[in-house]
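Structures follow.
Next come two complexes, and both contain chain A; in the first it sits with chain B, in the second with chain C.
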Partner chain A sequence: MSFLNQWNYFLALGPQAILTTFAIGILLFGVSRNNTSDEHQGWLLGRISLAGVIAAGIVNAGLYPFADRLSDGIVAVDRYALFSNWVLLLGSAMAILISISYVEKQRIQVPEYFALLLFATVGLMLMTASLDLMLVFIGLEIASISVYALATIDQRSPKGSEAGLKYFLLGAFSTGIFLYGVALIYGSTGSANLTEILNATVDADDTGVMLITGVIMLAVGFCFKVGVVPFHMWTPDVYQGSPMPITGYMSVAIKAGAFFTFYRIFGIYLDNIQFSWGTVFWWLALVTMIGANLVALVQNNIKRLLAYSGIAHSGYLLITVLANNTTSESGLLYYLAVYTVANMGLFAGFVLVANHAEHRVEVSDYAGLGSKQPFIAMALTVFLLSLGGFPATGGFIGKILILRGALEDNYLLLAIALVISTLISYWYYLRLAWFMWMKEQAATPNTEKAPEIEIPLALKLVLAVSLVLIVYAGIFPSQLIGFIETSLLKG
Partner chain B sequence: MDSLIYFVLASVTVGGALGVVFGRSPIASLLFMIASLGSTAGIYVMLEAHFLAAIQIIVYAGAIMVLFLFVIMLLNLGHDYKRDIRGGLAILFAFGVTGGIGGLLASRVMPEGTLLLNSYPTGVSIDTEIAEKGIIGVIAEPLFNEYIVAFEFTGVLLFVAIVGALALAKRSD
Partner chain C sequence: MINPHLNLFIESGLFVDGNMNWKPIMPAIIILAPLIGFIINGAISLYLNRPNVNSKGESSNGLKRIVSVVGPGSILASFIVVGLNGFRMLLAGHPTTFNANYWTWLQTSDFQVNVGIQIDTLSIVMMAVITGVGFLIHLFSIGYMESEKGYARYFAYLNLFVFFMLILVMGSSYPIMFVGWEGVGLCSYLLIGYWFEDEEKASAGKKAFIVNRIGDLGFLLGIFLLHSALGSVDYVGVAENASGVFVYGGGLVTLITLFFLLAGVGKSAQIPLFVWLPDAMAGPTPVSALIHAATMVTAGVYLIVRSSVLFAMAPVTSALVAGIGVSTALFAATIACKQYDIKKVLAYSTISQLGYMFLGVGVGAYTAGVFHLVTHAFFKALLFLGAGAVIHSMHHALHKVHSEDDPQDMRNMGGLRQYMPITCFLMWIATLAISGVWPLSGFFSKDEIIWMTGSFAMAESSPFPSLYKIYWVMAVATALMTAYYMTRFMVMTFHGKNRTVDGAGSAIHETPKIMLIPLIILGFLSFFGGWVNVTPHLMESVIGGFGALPMTDWLHHWIEPVIAESHHIQLENIGETGHVSPVGGGEVFWAVLSTCAAAVLVIGTTYFKSKSLSYGVLGEDSGTISRFLYNKWYIDEFYDKWIVKPLGQMSKFCWLKFDQGFIDRAVNLSGRSAKGIGWFGSLFHTGQVNTYAFFLTLGLLAVLITVMF
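Our next item is the complex of A and B:
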C-alpha cells in the first residue's frame, strides 16, 4: 500500500477526517437553529461531539491492521501515531464531558465552543502523525488558533480576554520562531521531509551552523508550546484566565500532542545531530524541573498551581527526549497517558467545586471538602498523588520508567534532579490534599456559604473513569506497558 | 550587475522591515511593509521564480496590504501614538542581544567558511525541472501530489481561523 493512490490518505487520516466532519456538522447545526434560549444545547451538542470522538476512536482502532504498511508519504500511520491518537482522543473526550454543564451555565456560544475543541484535536492528531515539518506546522497552527479562540471565548470575563490576547501574541511570536527554524533546516538540508532530513544529517558535523540554528529555533517553538522554563511566562496567566475546562484541555492535550511530535522529530529524526541540541535540552530540563516546582510552592490559586505543576512535568518529559532509549520512550508514552487522565480528572473536580464557574479557585476554598464531599475529595487526592508520583498510582510507574531511562543513558545528574524536584512537589500537592481532609472551613459569618455540590452524570463518569484508570495503571502496569512497547518508534 | 541589483533589493527589504518597526504612524509602517514585500518579489524575479514573484505582488502587496489599510482606517488608527519602546536603553538592549547572537553565529561560520552541510542542495536539479514542466508545473505538481494533505489541511486551518475570529467578534445578547 502506498500513497501513490491518493485515496489512501483518507484511510490514513481517517480519525482526523471524522472529527473534522463532526466539527463542521456542529457548526452547521448551530447556525441552522437560531434559538439561543435553548437551555439544553450544550447537552445535545456535547453528546454529538462526544459521538464524533468515539467514532474517531473506532476508526483509529480499525487502522491497526494498516499500521506500518502506509509509510512512504508525509503522513505516518505507525503504532506510535495511533497510540498518541488514543491519548489525544481520551483527553478531548474528557474535556467535552467536563464542558457540558459549564457552557450551559456560563452561556458560552456552544456550537463554536465544541467545534473549536474538535478542531484543536484534529490539529494535534495531524501534528503527531506527520513526517514533514510543513505538515507539523499546519497541525500546530490548527490546534493553536483553536485554543487561542477558546481561551477567550467567554466574552464577559476580562481575565479571559487578557489570557487570550497574551496567548495569541506570544504564541504567534513563537510560531514565527518555529517557522524560521523550519526554513533554516530546509535551507541547509534541502528538504522539510523528516526522512530526508535524517538522511542528510548522517555525516553532519558541528560546522553546519545554519542547520544547528534551525534546530534550536524549532526547539524553542516547541518549548514555548509545552511551557518549558524560560519560555513558560505565559502559562500561569493564560491558565488562570481561560475557562476551566479549556485550561484542562490546554494542560493535557496541547502538551501531549506537542511532546509526541517533539519526540518523533528530535528523538528519531534529528538524533544524528544530538550534539547540537543535547546540551541545550539538558539545561532546559534541569532549570524547568527545579524552577517550576519551587515557584509552585507559593501558589494559592489552584489554576496557577496546576500551571506550574504542568511546567514541572514538561521538565520531566524533556529528559525522555534527551535520554532517548526504548525505556525512556515507553516512559514518555506511559507518563503522558497517565498525566492526561490524572490532570483531566483533577480539572473535573475543580469545575465541580467552582460550581461550573470561575470562583472558589483558591487553595483555602478546598478546606473541609473531605467531610462534605468525600467522593470528590477522595478522587482529587488520588489524582494529586498520581501527579506527585506516589506508589500505587499511575504516576509512580511513569516516573520510574523515566528514571530508568535516564540512568540507562547515564544522565545521573538529571535523575537526581528529578527525584529532588519530585520531593519538592509533594509539598504543594499534599498541601491541597491536607486542606481537603484536615482543615475545617472557617466558620466566620461573612464568608459566603459553599453551595451544595451536585455532581452531573458526565462529571461522575469522568471522575470514576479517571480514578479507575489511575489506580489500575498504578497497580497492574504490565498490560499498559506491554501495549506501549508495541507502539514504540524505536522498536 | 546582478549583485548590484541584489544588494539594492536586499537593502530595501531590510530597510523597509526596520521602517515597519520604527515608523511613527501605522500608515507609514504599512507603506514601508509594502516596499519590503515588493523588493522581496524583486529578489524572487532574480531567482527566476517569476510565478512566486507575481503571487507575492498580487497576494501580499495587493490584497493583504489593502486589507490592512482598510482596518487601520476603519479603526481610525492613522495618527501618531506614543512609542512602546521607551528609552534608548531598551533599544540598545534589543540590538545588543540580537547583535550578540549574530556575532556568535558569524564567529562560528568565519573560520570554517561554510554555513551549510557538506552536501547542501544546489539549484541545478530545479533548473532542469523548470525546463521540463514550466515554472507553474514545478509548483503545482508537488502541491497537488506530494503535499495534497498539507494543502487540504491549510483549508481546515483557514476555516478554523475564520470560526475563531467570528466566535470572538460576535456579540452575544
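Our next item is the complex of A and C:
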C-alpha cells in the first residue's frame, strides 16, 4: 500500500482507529452517566466494547486485499500484522467477556476499565504493525500505561495497588533501557526505521559496540515485557495482585503483542547481526525454560503458578526468535494463537471458581471441582493439557512446530531442553487437574462451604469456544497452519 | 474351513469397495466404538454426580444398567470388527497390510504426519488381545465394581483407555503411536487414583505418571531423530528407507533405538523405571489386569517389535534390551518370592514376565516376544481377575465380621479352596501356565524365548556370545523361580489351613457368575493359547504328542511379514542362529527338561508349603535376605533419597532464594505499612522494587558482558 496520502495511513490503522473511537466513546459515556452504582453498566459497556472489537475485526478482515509484504512507511500492512491483530483481538474479546460479571461484582469503575482494555489493545496492535522503533515504543507505552492503570483499578484492593505500582516502576525502568537501546541503534545506524536498520547492518561486524549494546538493551526491554528469566521477577507479584481478568489479559495479550514485535524486529530486521544476540538468546531461552518450570513446581497460588507457566512459555517462544526459519515462525504464530485461547479459557475458569472475586485462588481450592462443576473442570483440564503440550490438543502442535523449527537450525540442545521442561511442566499442570478430579473438597470446619458456582452466559461462551478451538487445533491443525503459512514474514 | 456364508457377508459391499479393499470406515469403528462408550458413560457419570440426583436411587439404577451394557458392549463391538478384519486377512491367504489416511495432522516444510491407521498382522494380534481380553475384563468389572460409587466414571475411564490403546497399536506412524502412548498413560493415571479418597493411592498415580514422562522423553527424541535421519516417521517409510540410510551397528541407529528403549523401559516397567508398576496396583484389580498386565505395559514390547528393523541394525541396543529384560525378570522374581500382598506378587510377576518379553525381542525373536505377550495377557489377566475375586470375597467376609484385617494380605488367607473351588481350579491353570508346565500356553511361549536366547548365543557370528550365554542361564533360573513364587502364592491363598479371623471363613463365597464367566474363558485360553505357535520340530516330538495334538506354527507365519526385514538383516550380519543350546542338547530335550523341572518344583513346593503353613504365620521374616527381598531391594528408598528429594530441594531452593525471598518480605511489609504513615512511601523502603530493579540491571550487565567479551 502506498503511503503517499494521509487517507491510506488511516486505512492502514483502521482496526486501531475503530477501537480507539469505541474506547473514547465509552469514556464519554462514563462522564455523561456519572452513576457508578448502576449494576448493569458492566453488561452494557462490555457489549459496546465487544462490538468495538468485532468492528475492528471486520476492518481487519477488510484489510487483506491491501496487504503487502513490505511497506515503505512506518506502518506495516502485511499479513503478519493482520494475523497478530486477530490474536490480539481474540485475546481482548475474551478478556472483555470474562470481565463483565467480574466488574459488576467488584464494583469497579466500569467505563475506565473497558476503555483502558481497548486502549491497551490499540497499543499492542500499533506495536506489532510498526516498522519504526519509535512507533514500537509508542505502541508499547500505550499498552503498558493502560495495563498499569488496569492493575490498580480496584482501588479498595491494596494488593492491586501495590502490584500496579510495582509494575509501573519496574516497567518504567525497563522502558528506560528500551529507549536507551533505541537511541544507541539510532546513533549507530542513523535511523530508527527498521528497513533502514536492516540495510545499515548488512555488513556489520562485531566491532560496532554501540550498535550491539543498543540491540542488547532493546532485547532486554522486550525480555522484561514477556517475562524472560532473569527479567521476570515482577511477573508473579503483578499477576497475583492484579484483578483476575486483567491478569489473564496480561498473560496473553501483552505477551503475544510483545512476541509478535520481538520476532519482527529480531527475527527479520536484526537478523544480519544475529551473531551479537544469538548466544544471549540461547542462554536466556535455556535458563527461562528450565528455571521457570522448576519454580512453578512448588507454587500453590494459581495466579503465581500461571505466572511461572507464562514465563516458561516465553522461554519456548524465544527459541522461535532465535531459530527464525519458516517453521519456527509458523510455530510462533500457532503457539501464540493457541496459548491465547487456552490461557484465557483457563482464566475464565479461575474467575468462576473465585466467584468473580479474588479469593479461592489456591490450588487446593480446586479440589472436587470435577464432581461439582464437571463442565468447568473438563474445560480447564483440556486447557491445562494444551499448555502442557498433550497430544491431540493445540498446544502439542505448537510445541512440535517449535521443536521442528529448532531442529532445522540445529538447536538440538534447546530442543531437548524444551522437551524436558515440557515434561516437568506436566507435573504442575496436572497437579491442578488432579485436584479437580481426584480430590474431594476438604471438609474443614473453619472455611465456609464454597458457594454454588453460577456460570454467566459470557463465561460459558468463552469456555465452550476455547474448548472447541483447542481440540480442533489439536486434531485438525492443517487449515490453521496453512493460513499461518500465508501470513509469514519469511516468505 | 470357514463358512462360505460368512465369507460372502464379509465381502459384501458393506465393508469393501470395488477392488475388495477395506473401506476406511470399518477399521475406524474399532477405534470409535470405545470412544462412543466413553462419551456415553462419561455423560452418565457427570449426570449422576450432580448433587440433586444422588438422592433418586431408582433413576440411577436404570442408568447403571445402561452403563453395564454400554461399557462392555462398546468393546465387544470393536472386538467383532477386529474379528471380521482378522477373518478377512485369514481368507486372503497372504496377509496384506491395510493403510488408511484420514487427514493430514501436521505439515510443515519437510515434516508431514497423517492421521492414519495401519492394520497388518502384528497390529491385528494386538487389537484382538486388547479388545478380546479387554472385553472379558469389562465383563468382570460389572460384578467387581457393582457396589462402587463411581461405577459410570470407572467404565468411562476404562473405555477411554481402550480407545487410546487401540490408537497406540493401530496408528500408522510413530507420532500417532505417541498420541495413544500419552493417552494410555493419562488413563492409567486416572484409574490408579480411582479411589481418590485414599491419599496413598492418589500419589501412586502420580508416581506412575512421572516415571512414564521419562520414557516419553525418549520416545519424542527418538521420533525426531528418526525423522531427521530418514525424513519419514510412518512405519512404511521407515521400513523402506532404514536399510538404505543406516548401517549395521551405526551410531545413529543405535542412538535412536536407545531412545526408543528408554520409552519402552518406562512404559513396560523395566529396570530402572519399574518402580511405578507395583504402586500402580493401588487401582481397582480389573484395572491392574487390563492396563498393568495385559495391555498397556506391553506397549514397550510392541514398540520394539514395530521398530524391529531398527533394532535389528543396532546389536548394542538389542543386547541392552535383552540384558535389561533378563535382569528385570530375575530381579523382579526374587522380590516376588517374599511379598505377602496378593497383588504385589502378581505385580512383580508381571514385571518379571515383561522382562522375558524384552529378552525375546532383544535376541531377535520378535515373534516369540509377541507370542509371550499374548499368552501372558491370558494367564496374567486370569491371575489378576482371580486375585480380584479373592479380594472381593475376602473384603465382604472381613467386613461381615467387622475385622480390620487386610483383605489383600495372603497371610490372612489360606485354605480358600474349600470356599472358592472353581476360582482355585482356574487359577491353578494360570499358575501352571506361567510356570511353564507343558502343555499350557506359558510353556510354549517362555520356552521359545529361552530357546532363542540360547541359539542366539550360538549363532555363527553372534555379537556378544558369552553375554548371551549368561542371559540364557539367568532366564532358566528365572523360570524356576517363577514356578516357586507362583506356587507359594497359590498355596498361601488356597491351601493349608484357613487363617482368616474367626467366623470370616464361612462368609467367603464363590465368585459370582458374571465374574466367573470371563475367568473360565481366560482359563481355556491360558490352557490352549500356546498351541498356535509350536515349531514343527516340537510338534513331531513327545511335546506335540508325536503330531497327534492339534498344534500349529500359525502365529510364526502370521507375524513374519512384519518382521521379515529384520530377519533378513539379522541373517546377513550374524548368520544362522544355532540349533543347540549353550550347554548342549536339542530343542526338544530342553523343552522336556524345563517342564519336568517346573512341574517338580510346583508339586514339591505345594507339598512342602501346605504342611508348613498354618495359622499364625503373620510374623515378619527375620532373615537378612528375606527382609532385603521383602523390602524390594530398597529401591524405592534409594530413588527417594537420591532423586526425588534432591529434585524437590532444588525446586524449593530456586523458589526460595530467587523468588520467594523478596516476596515474603514484601507481603509482610505491605500489610504492616498499610497501617503506617502510608504504604506508598514505604514501598520504596521494602527494598523489594529496588531489589528487582537492581537485579534487572545486573541481568542487563551480565548479558552485555557476555556479548562484549
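In this section, the second predicted complex is superposed on the first by the 488 of 491 C-alpha atoms of A that agree within 3 Å, B and C clash if a C-alpha of one lies under 4 Å from a C-alpha of the other, contacts with A are read in each partner's own complex, and residues count from 1 in each chain.
One rule holds in what follows: contacts are C-beta pairs under 8 Å (C-beta built on N, C-alpha and C of every residue); 3 or more make two chains touch, one makes a residue touch a chain.
The model shown is predicted, which means the values in this text are computed figures rather than measured ones.
> Give one of first, second, both or neither to describe whether A:Leu116 is in contact with chain B, with chain C, with both, or with none.
In the superposition, A:Leu116 contacts chain B only.
> Touch check for A:Ile74: first (chain B), second (chain C), both, or neither?
In the superposed model, A:Ile74 contacts chain B only, not chain C.
> So in the superposed three-chain picture, is A:Ser188 touching just chain B, just chain C, both, or none of them (first/second/both/neither)?
First partner only, chain B.
> When the two structures are overlaid on chain A, which partner does A:Leu27 contact: first (chain B), second (chain C), both, or neither?
In the superposition, A:Leu27 contacts chain B only.
> Residues of chain A touched by chain B versus by chain C: which partner has the larger set?
Chain A has more residues touched by C than by the other partner.
> Looking at A:Thr213 after the superposition, I want to know if it touches chain B, chain C, both of them or none. Which is it: first, second, both, neither?
both
> On the A-aligned overlay, A:Val280 touches which partner chain: chain B = first, chain C = second, or both, or neither?
In the superposition, A:Val280 touches chain C alone.
> In the overlay, answer first, second, both or neither for which of chain B and chain C A:Ile145 touches.
A:Ile145: touches chain B, not chain C.
> Check the residue A:Met233 against both partner chains and state whether it touches chain B (first), chain C (second), both, or neither.
second
> Can you give me the overlap between the chain B contact set and the chain C contact set on chain A?
209, 213
> In the complex of these two chains, what residues of chain C are touching chain A?
Of all residues in chain C, those touching chain A are 46, 49, 51, 103-111, 115, 175, 178-179, 182-183, 186, 189-190, 193, 196-197, 202, 205-206, 209-210, 213-214, 216-217, 220-221, 224, 228, 648, 650-652, 654-655, 658-659, 662-663, 666, 670, 674, 679-680, 683, 688-689, 692-693, 695-696, 698-700, 702-704, 706-708.
> Which of the residues in chain A end up touching chain C in this complex?
So the residues of chain A touching chain C come out as 158-159, 161-162, 165-166, 169-170, 173-174, 177, 209, 212-213, 216-217, 219-220, 224, 230-231, 233-234, 236-237, 276-277, 279-280, 283-284, 291, 294-295, 297-299, 326-327, 330, 370-372, 374-375, 390-392, 397, 400-401, 403-405, 407-408, 415-416, 419-420, 423, 426-427, 430, 434, 437-440, 475-478, 481.
> Quick one: which bits of chain A touch chain B in the complex? Just the residue numbers, please.
6, 9, 13, 20, 24, 27, 36, 73-75, 107, 109, 112-113, 115-116, 119, 122-123, 126, 132, 134-135, 138-139, 141-142, 145-146, 148-149, 152-153, 155, 164, 187-191, 200-201, 203-204, 207-211, 213
> With touch defined as at the start, can you tell me which chain B residues reach chain A in the complex?
105, 108-109, 112, 114-121, 145-150, 153-154, 156-157, 159-161, 163-168, 170-173
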